[in-house]
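Multiple structures follow.
Note that chain A is present in both complexes that follow, paired respectively with chain B and with chain C.
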Partner chain A sequence: MLEYRVEIALWAISGIIPFFMLNIWTNNNLNESINISDVLLSRYFLCAFFVRQFSVVWVVFSFEEDSLMGKVSPYLIQPLNPFFRYFAQHLAEQITRFPFALIIAFFFFIFNPESIWIPNLGILLLSIVSTFLSFLIQFLIQSIVACLCFWTEKASSIERLLFIPTLFFSGLLAPVVSFPEYVKSWIYLTPFPYLIDFPANLLSGNETNISGGLSMQILWIFLLFPLFKKIWSEGTKKYTAMGS
Partner chain B sequence: MVQNIIEVRNLSKSFDISSKEPGLKGTIKHFFRRQTKSLKVIKNISFKIKEGEIIGFLGANGAGKTTILKMLCGLIYPSEGSILVSGSLPFKRKKSFLKNITLIMGQKQQLIWDLPPIESFFLNASIYDLDKFEAKKRIKKLSEMLEIDEELFIPVRKLSLGQRMKSELLAALIHEPNILFLDEPTLGLDINAQRNLRKFLQKYNRETNATICLTSHYMKDITSLCKRVICVHEGSISYDGKLDLLLKKLSPVKEILIVCRSEEDAIKLGNSGFTVKNKIKNEVTIKIENNYFTSSLKTILNNFDIEDLFINEPPIDEVIGKVLIKKDYDI
Partner chain C sequence: MNLRKYLKVYKKFFHTSLASELEYKTNILVDLITAILSLIGSIFLLSIFFQNNGYIGGWKFEQALIIQGIYTILNGITNTWFNPNLTEIVKHIREGTLDFVLLKPIDSQFFISLKKINPSGFLEIMLGFFLLLFCIKINQINLSLSFLTLSLITISCSICILYSLWFFISTTTIWFVKTWNAIEVLRSFLYIGRFPLNSFSFSLRVFFSVFIPIAFITTIPSEVFLGLSQLWKILLEVIVASVFLITSRKFWLYALKFYSSASS
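And then the complex of A and B:
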């Protein structure tokens, strides 16, 4: 990743959807409808940007390409599940992007000095844990979808179906609290609000149920992991090693 | 007694293949009513391979050679039959089994494209639980054998095909596997690089007693490395045995062009009972069966005044080509 310096900067910049959303929210005074101040809202979207930077996952695209090009074959006969490779790649890229994310935050505070705050150490540590759990959930969901390559060859199309609820229900476009009550009660039963909304609220200091959120994240990981293992074991039996 | 390291019994493999007619009509039909058929690409084959053997799998394109290798290394699941490699069921992909084998497939690479090969070697070393000291030792040994040095520190994308192939081999052998599955290992390499690779494989086999299963369309790879070959024809084994026996069977006659000192001698030779193919002035081309080759040659040299002679053997590619289109060879 460090081979391509410009790519890293562009990657970091490409995650600025939350800042656009902040602009839309504040310019239209939408925050008044959910009783949240401008400052808290801007902190929320900055945190959403950070959480997104460190939890974004693209394993389905990497795996699909490697699978179609026959690159998965050498990985499959190594004594290490190929998904560990992708996992390590994601972690390495997250670390690489960290300084660029800090620079973007720095500029954000220059233009929004009233939003500056320093979270206490405990909250910061819990937020890091929560962001990592969010990354794990997304990695598992995408890995499960990626395994469908063994059957469909074009698993990324299925991932696009998941992208829509992820975009709307994760809190990337709007805090989940802004949704109507009956919608919220359903959303909280899905893994989506624990991907961005919960860690971003936690880090920004907004009111949130910390133990409930973390428990739900862990629960989703426990549900998704055996599903991944099962689909992986069934999928590899279907593998035809095409392209190699 | 040398033990069997690979045992294959009644192995079959089928793939589901969908077909589509050309054009828009075909595409629409394919969208609504996809026609899929099961294609049996490997048909009930059995063979055994002994530890330390170098076996060549021969066959035309699509005969099933690569599919056999893929099943032997556990990459794909067999439809029927049993495979035992080094005492393990390959498709279970147990760590102990995977640490014992390697697969090299032509130009399909496992090296990280943007980084120098040395980084991939250390990554592979970690995957195979080798400590840094042992990894360095093995990289040094293998790079000497493969004659690569500076290339280890140049990004893979900037290496030539030959240099990349050598690096691929190093990456695939860093864990010192006992069984090597090589699918077209010399594909795309120039003649010198091919020769060096063959020399390396011979040396590796000699020094480690590794078993090597090889497919190649370059006959030189097969003739210089393999004593035994398995010929695959449309998913079935058409021949399993020694390569030289197969060559004798397929090419039972040698041609000799004899240049006599005089035309008189040439006429005498032509009338001495040999099968004459051609005669021009003092040059006679005769055919001799392989079984009588030495004795016939002695007779000719003792009884005729010979200026020169040339032994013409049919090109090996031509001979092996016959195997690829025939179903059965009884030797």
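And then the complex of A and C:
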């Protein structure tokens, strides 16, 4: 992973959309109407950036390529589910990304010195846990989509479709509190707000229901995991190597 | 004569790649749904910004929709032509197949920029177009010949700038080999094009008009739509677009001197 330093640095930069959004929010004083101060909002978006950096998942693209290239066949013979391989890859890249994310945060604090804060240790640990849970949810969802490769070959377009609600409802572009009532009434039942909004609120010290959020995350993992196992066992039965 | 030859070749490109893309019919259907949802999502986000404010950066909601419309058209063009072709450059260079492109008796930039097509982008272009028509209605814009020519000129300039940016980054593959992530960075910057330039702080505004001219891509055509744009801005956009086009061309020819095929 360390071989691709520039790659990973660019990856980190490509995640700075939350900062542009923050700029729109504060520059137009939009946050006054939702009762979040400038400082808390800037912390929120910084945390959203961090959570996004450590919960990005691209397993469907790797799996699709491997399956089209016929690399999945040797993986299947091995006594380990190939998704563990991708899982380890993701974790390794997250660790390499950490210093770059810190550099970006450093620059952020130079421009916004008033938003510096130190979360207490308990909150920090809890938000690391919830970021990891968010990563797990996304990894499971994408693995389920990736398993559709067994049927359709090009599963990445389904992933691009699922990415749209993730982008707009997860809180990456606007905190979920700011959503209109008719969306807020049902959004908390879907997995989306727990992907970015919940861990970011937790870390930035904004108001949030900690036990409720964590239990919803765990609930979604318990719902998705059996689904993944099911679709995986169905898919491998269906699997025929390319050209056979 | 030359132009005719290129037109003929382009027709062939169009047919072959359309035929091969239509092999994946469900894929196209899913992409169509994605395009529609993506537009709905952007309008939803915009409505959040406007729910308690009448103006953002001096733009009303109805006016900001014009920017969305133009962005959607440009994004459709990106998805139809730039994305499938220019990401292919990376593959050409990694696998050394650029050799075959260079050997062909046709301009290499033409070949690698227009070889492929992704039909699902067409729907986005159409969606953006309908949104623009709707905006013309709700903003009560008078259609006149000068309005049409000016908006056509500015939008084609935007397309040229956008193309040059994509082509420029893809060309750097010759040195860096893997530029996927540089393209991701460009994508995330282009995202800004969905919002009026004036809604950002001064420093970002300078950054997005001087270093990466995203300001020119959507804001100036939208101002032309509203009849707000001054002549110097339009002229500036034309100049910027031609400078970008010429530089990207020169840069490609320069970069080719450094191309040494794979494993040599």
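We adopt the following convention: the second predicted complex is superposed on the first by the 242 of 244 C-alpha atoms of A that agree within 3 Å, B and C clash if a C-alpha of one lies under 4 Å from a C-alpha of the other, contacts with A are read in each partner's own complex, and residues count from 1 in each chain.
As a working rule, a contact is a pair of C-beta atoms (placed from the backbone, for glycine too) under 8 Å apart; a residue touches a chain by one contact, two chains touch by 3 or more.
All figures in this text were calculated on a predicted structure; none of them were measured in a lab.
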> Given the superposition on chain A, are chain B and chain C in a clash or a fit?
Replying inline: fit
>> So in the superposed three-chain picture, is A:L125 touching just chain B, just chain C, both, or none of them (first/second/both/neither)?
In response: neither
> Looking at the overlay, what does A:L219 touch: chain B (first), chain C (second), both, or neither?
Replying inline: neither
> Is the number of chain A residues in contact higher for chain B or for chain C?
Replying inline: C
> First (chain B), second (chain C), both or neither: which does A:Y239 touch?
Replying inline: first
> Thinking of the overlay built on chain A, is A:G70 touched by chain B (first), by chain C (second), by both, or by neither?
Replying inline: first
>> By the touch definition at the top of the document, which applies to A:N27: first (chain B), second (chain C), both, or neither?
In response: second
> On the overlay, how many Å separate the closest CA atoms of chain B and chain C?
Replying inline: 5
> Of all the chain A residues, which ones make contact with chain B and with chain C?
Replying inline: 4
> Okay, in this complex, where on chain B does chain A touch?
Replying inline: 15, 70, 73-77, 91, 93, 95, 98-99, 101-103, 105, 108-110, 114-115, 124, 127-128, 155, 172
>> Give the list of chain C residues in touch with chain A in this complex.
In response: 24, 26-27, 30-31, 33-34, 37-38, 41, 44-45, 47-49, 51-53, 56-57, 176, 178, 180-182, 184-185, 187-188, 191-192, 195, 199-201, 204
> Any idea which chain A residues touch chain C in the complex?
Replying inline: 4, 6-8, 10-11, 13-17, 20, 23-24, 27-30, 33-34, 152-154, 157-158, 160-161, 164-165, 167-168, 173-174, 178-180, 183
>> Touching residues of chain A toward chain B in the complex: what are they?
In response: 3-4, 70-71, 73-80, 236-241, 243-244
